[in-house]
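Next come two complexes built around chain A: one with chain B, the other with chain C.
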Partner chain A sequence: MWAAGYLLKRVAFFFLIVWTAATVNFFLPRLSGQDPIRERMIKQVQSGRAWGKGIEEMVEVYNVKFGLDKPLWQQYLTYLGDVSRFDLGHSIAFYPKSVKEILRQALLWTIGLLTTTTLLAFVFGTLFGSLVAWTRAPLWLRSLAPPIMTLAAIPYYLLGLILLFVFAFELRWFPGHGGYRIGTIPNLSWSFVLEAVEHAILPALSILLSSLGFWAIAMRGMMVTVEGEDYMTLAEAKGIKNRRLFFDYGLRNAILPQITSLALAMGYVFSGALLVEVVFGFPGIGTVLFNSIKGVDYPVIQGIVLTIILTLATTTLILDLTLPMLDPRIRRRA
Partner chain B sequence: MTSHNLQVRNLRVYYHTPRGAVKAVDDVSFNLKAGERFGLVGESGSGKTTLVMALLRMIKPPGQIESGQVWLDGQDVMALSEEEMRQLRLAGIALVAQGSMNSLNPVTRIKRQLIDGMKDHAFASTEGTAHERHGRNDKGGKMSRRALDAHARDLLTRVGLEPQVAAMYPHELSGGMKQRVCIAMAISLRPKLIIADEPTSALDVVVQMQVMETLRRVQEEVGAAVILVGHDMGLMAQFVERVGVMYAGKLVEVSPVRDIFRRPLHPYAQLLIDSVPSLEEKDDLEGIPGLPPSLLERPSGCLFHPRCPHATAACAAQEQALQEVQPNRWVACHLVESIHKNF
Partner chain C sequence: MEISTRHSVLGYLRRNPALVLGLGLLLALLLFAVIGRLLVDIDTAAPLSAPPYRPPSAEYPLGTDKVGRDLLSVMIVGTPLTLRVGLLAGVLGVGFASVLAFAGAYYGGFVDAVIRLVVDVGLTIPSILILILIAIALRGVNPTEMALIVAATAWLWPTRTIRSQVLSLKERAYVDVARMSGMRGREIIVRELMPNLIPFIVANLVNTTAAAILATIGMEALGLGPTSHPTLGMTIYWVILHAGVLGGYWWWWLSPVVIIVLIFIALYLTSVGMDELANPRLRRSV
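Right, the complex of A and B next:
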């Protein structure tokens, strides 16, 4: 009953978001009024890599090749067609490598690093935050609150630098750079996986430690609010066991806003932890984004932005579909 | 001693604030017979809710039960361990809470909320706790899932709800239905005492009466005593047998409800009853002059003397303890005899 209509509405909303974002992604660079090919040619001439003669002809040829001579609406339709096939064109900096190829390589690293850390931080941060707020929790646990909250206040890239200095340079326990050893060719053997994990530990730790506190603080606030609710008082008066009181009544209600945050956080997984990746030279999407901004590699930047939008829209869709199962009150409104 | 179901002796509950101890419940004593309906009235902040929460031992810091004894069917409630106390809640003393609108967990079905309390009482962790003799079905031991389901449906029917309500969520119920669910929960283990803390404050008068009727019916079936907390004197008159009037943390009068309406003995009870609007007489509504005292800086002597129309020098100097001035009528006032000449 509610489900079919709701589902349809949500899926339609998903496509609306992606379409809007793709459109903005198309028009925004063109609003700058720059002529990318002419400017690139002029740059090449200035740096002495091309002759000044015949530039106009070359610009024209390239414009035809890239379809830039066509009217805007035709370009737009071509673009939409490409996007729907997830054809993102070619990188300028690494021509003729396709943007898709570059993204695929980088995404694997980023997803591996960030999905794990985001999920771990969510689970432990949420549990920890709710226990800190729980008046019946053991004192040693509650006294852990200040240090973890302090960690949350340190930016994760700064934490990364500290970890890098202590564990990679001073103690030499972990490698300090890259996703694998120089000279290793990425493959699917156990030894390579181990090597990758070894390289990922420090970046993962810096993200984990700082985001743990973020989840904990949010959850603690929610739990304190929930503990003051009438249903908590009645539940206690019902003489139910502490464990049930904590999970079924406290956590179960306090976690709802956390789920929303998790969906958003998962959406940002694909944008990469830019600064951590740069600090650790991790071959993820953050590093790629960093380099392509430096190198004015528009297709790659656009590709990454589109990927982020796509994943955000997807996680929002998943959230919209799961939240009614967790919170029956949403079903009525939907 | 055993003719009473509940005995409360010299109960004191203080809230410890940086500015000193707030004496929310101060030296309160009263008895309840089995199956008796007892009303607890008084202004907001007079300590009614604190008193009943202390009976459940659910006072949260900075509040603390300072001293006193509570006996339920010969069992020393204050001496129980935390786990024994948990077992006593619902099975021995059940609560129908204030603010029925938010008393149910919004994200789980009614059935689950009806059952979970019973589940956690299914095992007898200590021998001889009150719930062992009551509660559960006759077989004893853990109730099967099917038995629990059937019991939940039965409970809902007994409070006048359709069994289908079990599959619903709280937001799908009206205020009156929610409060019925709460009553169903309260009687699920056949407690000896039901505490109803302003159970109908969020409901309109028609639903109020229906809910109170339901409470009375199931209470009689189960044979539990009831403490009804509230400030609706009209509701008290219809529901309870005896009334305790609280003022600033103290019981100032305990009398049968008919007597207290006919002739209240304590001046505060007098003013309280005079403030109830009457259908017969068209008068200006009378309030009680002044404000209740701050529980931090309490007046000397009788706490009511600054507002009392009869106060004398003796009232400001010395406090009068609650005493039985007539059979079954307890009052804490120096002037009972002088105010009520034909004693």
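Right, the complex of A and C next:
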């Protein structure tokens, strides 16, 4: 009966996170005692900029929902209702466009970039980390450890600045800006995919290079511990082949905490990747966030915060639910 | 036995090169700022004090940026500013975390359960997002306010690690002895637990400071930093905003990147060294 209790706990935790995200999203911007969204809209209406046309309509809708005549708790409940329907409102800067519309495209780019790089970094970093700890690994491989682990101490986007300069400006091997060429319309043809991949290589490389070390450091520690276990000595004494010793006896036992930390690391990867996108003008969530901060487009900023947390909470939930299948110890504990 | 303290400290440092290298690098960065202040007119860190876009030369050793800041002065002012923001947020974060961890782990029960839940939820939400929400409410901050904002999430991780350390310490026999000899809860925390945890807390301070600097620079690079102060992160922001890399102004981003990377490597090495000091069991493996 471990499953029901464990499942319930994880699902409850998921909703707790989503609720926290919504609450924080509602109250934090109002910390200064004012409603910055209202102020921003009023300013926008007064300036009468062409790209905010028709925004009066939005102000009306907003006033009905979050009017000053309503007490704060009622506004809060309205907001929670909106969030549960995933109604994120409209952008102030690009008025008729809804926040959801703006984010849908961007989220696809970001998720594409992040899943690829995270999986690659996880697999290669884990493998590399366990080889570094493995006393029978070749020396050249183990001598790669210090530089790769140093890279882990550098924020992704600073590495991105360097790669951008070397490969896009000096050598001109890769394009330095955007997710596709100016003038191309995104579609599902082969040539477009190739173009997108070409643009994604440098941002992906910045994330990959510095997260490799992160996984390697953690894995090395686990592998050193496992190598010292008695069953390893016994297996070795029995004459079990090196390769089997490494994969079946060592790696398999050392890898479990790595999968647990995958859930925790996702948040870190996401925050780092936001700025990588900005550095390369990659058309994902990060670039949209950067531009919304510049344009003081609060609904979009809030939408991004909520979307990222929702994505992370879902990832965590999925990992939490698959973990007991991989690790019998969790099943027993729960 | 005639081993003087001085001798054993030196001997220990020889066995812990990471700590020496890390602290040495930090010291070098501080010296750069202190000596720089004496030799260079730091007023030129303000815009319009030099011609724009000058590559490094005898007059401007690190070049100048788009609006005519002398980048050498910017680095001299910005390095200690960034370090200070990180350290302030780190101290506040670890201080608050220690109080929570001691209170929760020692008294247990409901208080502890709430602290644990808040930390678990807080750590799932990337702190940069919370910081962005706070920063957009208080537009236009100075570096000290920046540190306060960053401290708002900096306590989460140290609370988790210090709490679990306190939990394991309080099961030790000497705490039982203290309790049996009639010490009260607060007395046990102050006289028995704290002294044993200080190395661990200091190691946490290094990590938290590094995380705080990472968060600060990240927020600054996103455009939420103190726009009128020449910190390292703001320099990165100006580079990104004005496409300085693809414009070919390599000197504009190279010095802040190098200094930030040095800060992170220094803190990383210090933290590895502190870990070894705080947790002697690691000594055989590293």
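Going forward, the second predicted complex is superposed on the first by the 288 of 334 C-alpha atoms of A that agree within 3 Å, B and C clash if a C-alpha of one lies under 4 Å from a C-alpha of the other, contacts with A are read in each partner's own complex, and residues count from 1 in each chain.
Following the convention adopted for this analysis, contacts are C-beta pairs under 8 Å (C-beta built on N, C-alpha and C of every residue); 3 or more make two chains touch, one makes a residue touch a chain.
Remember, predicted model here, so these are calculated numbers, not experimental data.
Contacts of A:28 after superposition: chain C is touched, whereas chain B is not reached.
In the superposition on chain A, A:80 contacts neither chain B nor chain C. Between chain B and chain C, it is C that contacts the larger number of residues in chain A. Shared-chain residue A:157: touches chain C; no touch with chain B.
When the shared chain is aligned, chain B comes close enough to touch A:327, but chain C does not.
Using the contact criterion defined above for the overlaid structures, shared-chain residue A:239 touches chain B, although it does not reach chain C.
Touching of chain A by both chain B and chain C, each in its own complex, is seen for no residue at all. Within the complex formed with chain A, the chain C residues making contact are 117, 120-121, 123-130, 132-134, 136-138, 214, 217-218, 221-224, 236, 239-240, 243, 245-246, 248, 250, 253, 257, 260-261, 264-265, 267-268, 285. For chain B in complex with chain A, the residues that touch the partner chain are 56, 58, 60, 86-91, 94-95, 97-99, 101-108, 116-117, 119-121, 169, 171-172, 182, 185.
Residues of chain A that touch chain C in their complex: 13, 16-17, 20-21, 24-25, 28-32, 36, 150, 153-155, 157-158, 161-162, 164-165, 168-169, 176-177, 221, 224, 264, 267-268, 270-272, 274-275, 278-279, 289-290, 293-294, 296, 298, 301-302, 305, 308-309, 312-313, 316.
Of all the residues in chain A, the ones that touch chain B in their complex are 135, 229-231, 233-241, 244, 248-249, 252-253, 256, 326-329, 332.
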